[in-house]
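Below are two complexes that have subunit A in common, paired first with subunit B and then with subunit C.
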Partner chain A sequence: MEGVTDALNADAVQSLASGAPEWLQNRRLDAWATYERTPMPSTRLEEWRYTDLSRLLELDSLEPLPWSKRTFDRASAPASLDAALEADREASGRVVELDGSVAHVELDADLAEKGVRLLSLRDAVEEIPEVLERRLATEALPATDGKFQALNAALWQDGIVLVVPRGVRMEDPIRVTRHVSRTGQAIFSRVLIVAEPGSQVSFVDEIVSEDLEEQTLFSSAVEIFAEDAAQVQYVSLQRMGRGAFHLAQQRTIAGKDSTLDTLNVTMGASISRLDLNARLMGPGANSDMLGLCFGDGDQHFDHNTSQDHDAPHTHSDLLYKGALDDRARSVFRGIIRVAKGSQQTDAYQTNRNLLLSEHARADSLPNLEIEADDVRCSHGATVGQLDQDHLFYLMSRGLSRPQAERLVVIGFLGEVLQRLPLGGVVEKVSRGIEEKLNG
Partner chain B sequence: MSDAPILSIRNLHAKVADEDIEILHGVDLDLNKGEIHAIMGPNGSGKSTLAKLLAGHPGYEVTDGTVTYKGEDVLELEPDERSQAGIFLAFQYPVEVPGVSIANFLRTALQARLDEGEEIDLFDFQDQLMSAMEVLEMDPAFAERPVNDGFSGGEKKRNEILQMAMLKPTLALMDETDSGLDIDALQVVAEGVNRLSEENPEMTVLIITHYQRLLNYIKPDHVHVMVKGRIVRSGGPEVAEALESEGYEEFRTVGA
Partner chain C sequence: MPQNEVVQDLGLDEYKYHFITEDEPVFRSGRGLNEKVVREISAQKDEPQWMLDFRLKALEIYNSKPMPTWGGDLSNLENVLEDIFFYVRPQDKMEHSWDDVPPNIKETFERLGIPEAEQKVLAGVGAQYESEMVYHSLKKEWDDKGVIFDSIEDGLKNHPELFREYFGTVIPAADNKFSAMNAAVWSGGSFVYIPKGVELDTPLQAYFRVNQEQMGQFERTLIIAEEGSKAHYIEGCTAPVYSTESFHSGVIEIVVKPGAHFRYTTIQNWSNNMYNLVTQRAMVHENATMEWLDGNLGSKLTMKYPSCYLMGEGAHGSVLSIAYSGDGQHQDTGGKVVHAAPNTTSQIVSKSISKGTGRSTYRGLCQVHEGATNAKSNVECDALLINETSRTDTYPYIEIEEKKSNIGHEATVSKVGDEQLFYLMSRGMSEEEAMALIVRGFIEPIAKLLPLEYAVELNRLIELEMEGSVG
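Take a look at the complex of A and B:
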């Protein structure tokens, strides 16, 4: 029973489950049973080859944070949270989550009238149980998917649920800002987005923290459903402080003629692991998958992506770019899977890395598994150096070395942002890059 | 002002950094303010090495000799400091800068020349950029294209001269700007350079080329021949004409 500790154990699950509706109790307990049965992923597994959890994850010292009613007071918001909110632009709705507990939710009154639901996961259990019973940790991220999927499904303390009814289009994004202040804790949170047929929404999920003294685990499980002809954009901005271990699991399920795009920006935390699985389930489904990371110091970023084409006439296009300075390292492992019968599919995958220091490292492992024959697929990976001639060219125009580096990094990463121009996101990410370059 | 040369190179020996490969074996050259000089010479004779070294490329190391620019030792300066001091190199092989537009690049370069707290006037900048592009017959849309990314050989060369026009150097080093340009483009670029020297008669130009053709448009005051890391002959425009008909044969044995 690997991974069961003094704090992360059946008692903790039991105390979260008690008082919940029966289906939920069972779901948590089943998830826990799966967790206990599932071995801790080791570097012998291809998917974990470069991230050695036995060395990097201090599970024994993590305490699961119990849910507590938190109130949000802007005036006393810590610096990183305040800055994140300050930089926000117009929104259709806003959520603030503090240490994994939703503390504030607001939604445009018009949209509420049209039936849009934006609420904490805890409230959703009370108010829309039928949606959760069907969708929470079932079709998208069931506990049986893996050790950490199970752990989150057993121990989540809160999360965010968004349901956009048929045909409702939201002009401005939903903006979620999460802040973590409690060091040494394990926080489990979930996101569930259901975009009903013909609806449209964008969702910006930002997480920030100050530096954390002891390792702090933030586990996020994100499930997104775009039903027929719905359009969804999901953006994750991770700018946690050092000490954080950010573990993100995302699965997107794109129905017939839908568009389900994601952007994952990873800049913070000491360790960040992303598992993203895009499933194209209906003919005509389309997913753009963008990623951007910028590491320095001894940051460790591991991206594990998959593009599953389970229907004909589907399209996916992945572009992940990483810039790495100092001793930072990144791993990109991506697979395109085209099932038999998924004819007339386009699937692309590109990973590009830029090393700014000779001690930085990037490993890139693109992969294809194609069972259909009428498909257009490509994958490519590059790891480049900011070399002497490059720098010399820029400096010979009068740019100092830091200015030259800045221009190259912003130019390199900018390609990703240009492809998903969402109000406020580009500015935030650009600022984050600047801060790192100046740091 | 004194009549001392703007650039004075004395007995310059240089090698590849970290390696024992000497490329320049004692170069002597004086450029006076406002003059136009040309260096010609066979492939591999060290012309680009000299140009890059003058601009501060870290890949070469001076083992002997001096380089004085505006009366001061320039060898201690970083490439950006040399640029700020007015030295400009139009590259033989310009480098691509993906994701950075020409306009953004030039704005950053001009901004870097200002004191802290000063901001460049964006309207002035835009005006200057557009008129420089007009002189060089460049489509204004080019300003938004990433620097050299996917440019044709000729476009890269034109872009080098655009940068030169915007940065207004005191000493311009042009390394084979003519190679890769078609006949019309060559004329346009030459016209651009001539216009710059008219506007700024004090600008000194050192042209590296293999062909007389460019020198028909940009008239040099002095022509030098470099062979195997040395200047083996200096004279007027007639030197270039002689090379055009006779080639480098007579120098093959010289100084070898």
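Take a look at the complex of A and C:
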């Protein structure tokens, strides 16, 4: 029973489960049973080859944070949260989450009238139990998927649920801002997005914190369903302080003729691990998967992605780029799987890394598993330093070396943002890059 | 997909090396692998104590290592290994004159065209039958220049100090489970020494044949290319098709000294009941070049990743690999390059064709250590899928610890395009001609580096299979 500690144990699950509807109690308890019998991932597993949890994760010292009713007061918001909100642009709805508990939800009145639901996971259990019973930790991220999927499914304290009814299109994004202030805690949060047929939505999920003294775990489980011909954009912006261990599990399920694009920006935390699985389940489904990371100090980023083509005529295109300074290291492991019968599939995967320091390190494992013949698949990976020709050109135009280097790095990472230029996101990420370069 | 039905077979499937020679070996070990077998092999070879100790230690390592859980399906391998003979001695001594080789063995190699090739194009020939080299010869002009091309056993006997200095240094017994197995029971293979500055203008060739049912072949080759030398070594492998599974696990160690240039070519066409698990590695020193040319056409399962450890400044390594997987075959191949010195360069080009239920896997490693400044590496993998049931995988590992390096990997998977076929047919080609041309074009970058007779053979096989496939 690896990973069962004084604080993370069956009692903690019991206390969360008590009083909940029966289906939810069972789901939590089953998830915990799965957690107990699943061994802790070790570097002997391909997917954890470069991230040694026995060294990096201090599970024994983590306390699960109980849910508590929090209220949000903009005036007394901590600096990082205030800055994140300050930089936001227009939104169709907003959510503020404090230490894993949703403290504020607002939604455009027109959209509410059209049947859009934006609410905390706790409220959703009361108000739309039929949606949760069907979708929460079932089809997309069941506990049986892995140790941490199980842990989150057993111990989640709150989260965010969005349901967009058939045909409803939202002009502006839903913007979620999360803040973590409690050091040494383990926070388990979930996101569930259901875009019904023909609907359209963008969702920006930002998490910020100050530096945290002790290791603090933020576990996020994100489940996204794009039903037939729906269009969904999901953006995760992770700018936590040092001390944070950010553990994100995301699964997207794209139905017939739908578009389900994701952008994962990783700038903060000491350790960040992302598992993203995009499933293309209906003919005509399309997923663009974008990622950008910038590491410095001794940050450790691990991105583990998969593109599963389970239907013919599906298309996916992944671009992950990383810049690494100081002793930072990044891991990219991506796999394209084309199942038997998924003919006429196009699947692409590109990972590019820029090493800015002598001691930075990048590992890249772009994999392909192809079991259909009428496909177009390719992948590419590069690791290198700043392009000397680009630097030379800029310097010949009168820029100093540091100025030229900054421009080249911004240009390198900027390509990712151009592919999903969502208002507010581009500015925030650009500023984050600038701060890192100045740092 | 009409063209897939039309082109039933792409070629290379028809196995023409299925003939069995009737003979009685002079010695055969018991079935399975144990200490007694290891001691028997060592005694048969009249080895020095250090080699017996080396073998026994390797056996311990073998027993302590788990079966790999990655790569191909090895689930039945343990059963196979219990039943096979680890050592089969076909004749009493190795011959240096073709006339002295026993008639039945001679006939085997004559059917494979070896003596003819020797006369025409080769600097030297070695032939291994079951567990032992049965024939080894080297043209006199090279012998006079100090080139050594001998069976590995004679290398140990006649050049004990040179042998011991290098043996097991490139691939230690503990490298992996199968290198440990080979270290315990190795038999046969070549010992090659190219003196300083000697450049061989024609290749050396070794030919490996397994004739007996249920046997394991464990050849071991050690090659030392001294400073500024240049040579090319070719190995070819075949076996008859039996209903039971056979096993081949070679270890090839190569030391390429400063400024030397060595090319190692394998054309593996084992019967498709053969497990072929091979470890091949070269230590490449300052300004030296190592080229692996790896052709995998046969076997049931091959797991083989020729590697270059670039140890000296300016070293260059390349792996060019072509794999063909027909029905039931799995070629799990690729290459490894490790950059451990500045200004080193490497290239891996891999092409695979999967047909029927065949599966081709590229698995590779590109590693740049901190301090290996200005390392450059480029990896390219292309996979061609012929049928709906074919499969291909690509698993590259890229591990970079040095900022001043330039590393790239690219892979594509495709099928023969309708547009390509249509274009060629609109120019008057039949569908089968068009298909053959496209496939030839796909493998051409590697085929052109093969010695002429192999390139011709490869192309001929593809054309042969195209003929009459339009029904």
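The rule we apply is simple: the second predicted complex is superposed on the first by the 428 of 439 C-alpha atoms of A that agree within 3 Å, B and C clash if a C-alpha of one lies under 4 Å from a C-alpha of the other, contacts with A are read in each partner's own complex, and residues count from 1 in each chain.
Note that a residue touches a chain if its C-beta (ideal position, glycine included) is under 8 Å from a C-beta of that chain, and two chains touch if they have at least 3 such contacts.
The structure presented is a predicted model; accordingly, all values stated were derived computationally and were not measured.
*Asks:* For A:G398 in the superposed arrangement: first (subunit B), second (subunit C), both or neither?
*Replies:* A:G398 sits against subunit B, while subunit C stays out of touch.
*Asks:* Tell me the contact category for A:S15 with respect to subunit B and subunit C: first, second, both or neither.
*Replies:* Touch status of A:S15: no partner.
*Asks:* Does subunit B (first) or subunit C (second) touch A:A360, or do both, or does neither?
*Replies:* Second partner only.
*Asks:* Should A:E369 be classified as contacting the first partner (subunit B), the second (subunit C), both, or neither?
*Replies:* second
*Asks:* Among the partners subunit B and subunit C, which is in contact with a greater number of residues of subunit A?
*Replies:* Looking at subunit B versus subunit C, the one contacting more residues of subunit A is C.
*Asks:* Touching subunit B in one complex and subunit C in the other: list those residues of subunit A.
*Replies:* In the superposed arrangement, which is not itself an observed complex, subunit A uses no residue for both subunit B and subunit C.
*Asks:* Inside the complex, what are the residues of subunit A that reach subunit B?
*Replies:* 388-390, 392-401, 403, 407-408, 410-415
*Asks:* Looking at the complex, which residues from subunit B come into contact with subunit A?
*Replies:* Touch residues, subunit B against subunit A: 52, 55-59, 78-80, 82-84, 88-89, 91, 94-95, 97-100, 104-105, 108-109, 112-113, 146, 163, 167.
*Asks:* Any idea which subunit A residues touch subunit C in the complex?
*Replies:* Interface residues on the subunit A side: 46, 340-341, 343, 353, 355-385.
*Asks:* Contact residues on subunit C for subunit A in the complex?
*Replies:* 1, 4, 70, 368, 370, 383, 385-415
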